[in-house]
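What follows are several structures.
There are two complexes below, and they share subunit A, which is joined by subunit B in the first and by subunit C in the second.
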Partner chain A sequence: MIDVLCLFLIVIFVPIIVLVGIKIYNPNSYKKLLVAFAITMLGIELLRFFVNASFYESAIVPSNDLKLSFVTFLCVIVFFGIFNKSKFGETCKNIFILTSLNPIIVALFNSKVYLSPFDNYGLIKALYFLECGFVVLLAILFVLDKKEEIKPLQMLYSIIFVLGYAVVNFMANYFWKTDIKFNWLWFLQMSVLIISTTFVYLIYYLLRKWLLKDKTNKVKNIDE
Partner chain B sequence: MNRWIYYGVANGIGVLFGTIFLIISLKKYKNSSYNEKLKPLKFLYVLFILLEILKIFYHITYNQSLSPKVLSFAFCSNFLYVYPIICHTKENSMASRICKVIAVVPSLVIGTLYLFLIPKTYNLSTFSFVLNLHSRLYHITMLTGAIYMIVVKLCNFKFKDFYFSAISVCAYFIFCTVMSMALNTNIANYGPSSKQLGFLYNKVGYVVGNIFVCFVVFVIAMVIYGAIYIIKKHYNNKYSKKND
Partner chain C sequence: MFLNYILPLIVSFIFVFLFVFFCTKIYKNQPYEKKLKPIKIIFYSLVVLEIWKIFYLIAQNGQFEPLRYPLVFCSLVMYAYPLFCFKKNKFSNVAMAFCVLPSFIVFLMFVAVQWQYEMSIIQAHSYYYHAAMMAVSIYLMTSKLYVFKIKDFYSVFLCLFGYVVFAVGLSLFIGGDISIFGPNKSFIKFFYDKVGYAIGNLILIIVIFLFCFGIYGIIELCSRKKEKYKDCENLKEKTND
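The block that comes next holds the complex of A and B.
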């Protein structure tokens, strides 16, 4: 319960602190910030892997404690979203935005994603929570940087992405013989991951509608 | 001996020293040039380097050994390292700006806490009293140095600079955390066995607890800068009304 509270507090405060800094210093473009935070997130992910590996002797990473998670996939597609200017890059950006809550959901369903019996300082837990915070922050920066709106079709691509993650998760746990059981809870987790993309799209759509309505009202008042 | 007397004497000596230092240095250097204003800070850091050396020798003499906890690697030891940088770098250099906020912002909070927080338990031995006196003198002088820097305007307090100062203090705090973990002790930061923050670290983990402390640093920096901004604005408004 305490871990869940910590996760939510970190996911809320990390974007708030960075957005306050953006408000104060008012950068011209978000590109440099996006690159910096994406590299930071990748660095944290690599650190998380190596720290976990260091708990085991002979420098062999035990397969069933690899800490492979949804956030690992997001660390890869974020760079396509930033550097690829084609439709594929735009799609990756939209997928990243729509699946930004999924690392949190994965952590809620399966605490082994961030817990390790040898983690005395809680370092892996802290790194995973920070990554969840950076994912939400990057999603917000992507939305602020976007010129076109996200079309409903992008939800379909996000769902395909989540299904791809589900397949990889199934194969990794099956062939490495981990103690993850493919019961109703596992299917529920994957279903919630898919539903969350719709939920994020709904929030994005409603917020965009409300902000644009606010802008047009202000323009009308100025014209009058 | 009553604990109020025990800590009162230690605090009293610290406050007396701080008051005399502030009166003399403000009278002499308040309206001087930037380099002249740095002279009291030079005096402070030389004095406290000497006191730290004396403390280490006192420890070695009394215990016949040297514990890492005695060495000046704690978070509050920043005073010893940032003051020389402030005194020997250019006024508007990045190093000077960063060191000024690291010297001032934590000192205001920690120095004030040391003045008013009296522990319930204490040790009556001479060894413990000497170390306690050193600690109180050190932390209250941190506060004195911070007040001096604010009053003579060595450190400018524009409200939006709270962000820069919060990041600098957090970066220093993270450095202390990494050092504590590398040395496998809590000498640089409070750890799971400490009375002050042990409850936090034992509940949520050491690193997560330190992340929360960083969030608190942001809030504290915003409050300190906001309070100074409001006081300055009130003082400027009062002064301009008098002139009118």
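The block that comes next holds the complex of A and C.
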């Protein structure tokens, strides 16, 4: 229970702390910030792997301790979202926004993504929670930086992405013979992951409307 | 208890009061550079005492514990003094801000745990060290060298955040407890035991953020209210005229 509370606290406060800093220092563009935070997220992901490996002798990590989590996939697509200016890059950006809550859901359903028997200080857990916070932060920055609206079709791409993750997860668990069982809980987890994209879209839609209202009010005031 | 805790505390408070009172009075209408003179004296004394402490402890025990490195949370403010008390630069304001709030936190933490220790020469040094830090932080405010601005809270938070990361990293690499943020000999060990050491530090960073924001926010609100009141008074005077 306390783990869940800590997870939510970290996920809420990482974006708040960074956004307060952005509000105070008022940077000209979000591009550099996006790059910096994406690199930080990738760094944390690599660190998570190396810290896990360091717990084992000769750094040979058993297959059931390899953490190929949803956040690993997000670490890859975030760079396509930032640097690829084609339609594919834009889609990656949208997928990242719509699936930004998924690492939290994965953590809630399956604590094995961040637990290691040798991790006395809870370092891997902290790194994973921090990553969840960075994912939400990057999603907010993407939304703030975006000029075009996310269309409902993007939800479909996000669902395909989640299904892709489900297949990889299934294969990894099947071939590496991990402890994860393919029971109703696994299917429920994947279903919640898919539903959460709709939920995020709903939040985005409501916020976007509110943001646009604010912007048009400002323009009206300037015109007057 | 009286000789080990209450008396040294009373002496420390008297020192803080006398330092702040006389320095504020003497340097009231002096230029910026001259107002910094007492802080320079405190800084030199702290450096000399810190060097003496290291030699004394090594001579006494034949070893030097990680907690005694001058990298602990309490030593931090000492490193901020040279950033503003010699030459004004772009870090001066941040360094001053960093000397005010953390000094209060450090002093409170110091007072909270000292009752359990016997008085010794090292303890006397500790009392002087913390009282001097407190005195400087109050003097910075009374002499108006430092004025609270809400924007400063973020830089103070960033400095503290950087320090927590540094202390945690160093504690893990060296293996000892380099600061109060060390895993084993910590003031907040009960909290670390509950949530885990790494998560505990992340939560601590959030608490530091909220604390800095809260203090600066309250001060900002109070000063705004004061300004509003002053404006109202001026307007009343003008209408009366």
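We take it that the second predicted complex is superposed on the first by the 212 of 224 C-alpha atoms of A that agree within 3 Å, B and C clash if a C-alpha of one lies under 4 Å from a C-alpha of the other, contacts with A are read in each partner's own complex, and residues count from 1 in each chain.
The criterion applied here is as follows: a contact is a pair of C-beta atoms (placed from the backbone, for glycine too) under 8 Å apart; a residue touches a chain by one contact, two chains touch by 3 or more.
For clarity, every value in this text was computed on a predicted model and none was experimentally measured.
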Exercise. Put the two structures on top of each other at subunit A: do subunit B and subunit C fit, or clash?
Worked result: clash
Exercise. Which of the two partners, first being subunit B and second being subunit C, lies in contact with A:184: first, second, both, or neither?
Worked result: neither
For this session: Look at A:121 in the shared chain and tell me whether it touches subunit B only, subunit C only, both, or neither; answer first, second, both or neither.
Result: both
Exercise. Once the shared chain is lined up, is A:17 touching subunit B (first), subunit C (second), both, or neither of them?
Worked result: both
For this session: Could you tell me if A:9 is touching subunit B, subunit C, both of them or neither one (first, second, both, neither)?
Result: both
For this session: For A:175, decide between first (touching subunit B), second (touching subunit C), both and neither.
Result: neither
Problem set entry | Partner chain in contact with A:130 - subunit B first, subunit C second, else both or neither | both
Exercise. Do subunit B and subunit C land on any of the same subunit A residues, and which?
Worked result: 2-3, 6, 9-10, 13, 17, 20-21, 24-25, 120-123, 125-127, 129-130
Problem set entry | subunit A residues within the subunit C interface of the complex | 2-3, 6, 9-10, 13, 17, 20-21, 24-25, 120-123, 125-127, 129-130
Problem set entry | List of subunit B residues in touch with subunit A within their complex | 160, 163, 181, 203-212, 215, 218
Exercise. Within the complex, which stretch of subunit A touches subunit B?
Worked result: 2-3, 6, 9-10, 13, 17, 20-21, 24-25, 119-123, 125-127, 129-130
Seminar exercise, completed: Listed in rising order, the residues of subunit C that touch subunit A in the complex are 151, 154, 157-158, 172, 183, 194-199, 201-203, 206, 209, 213
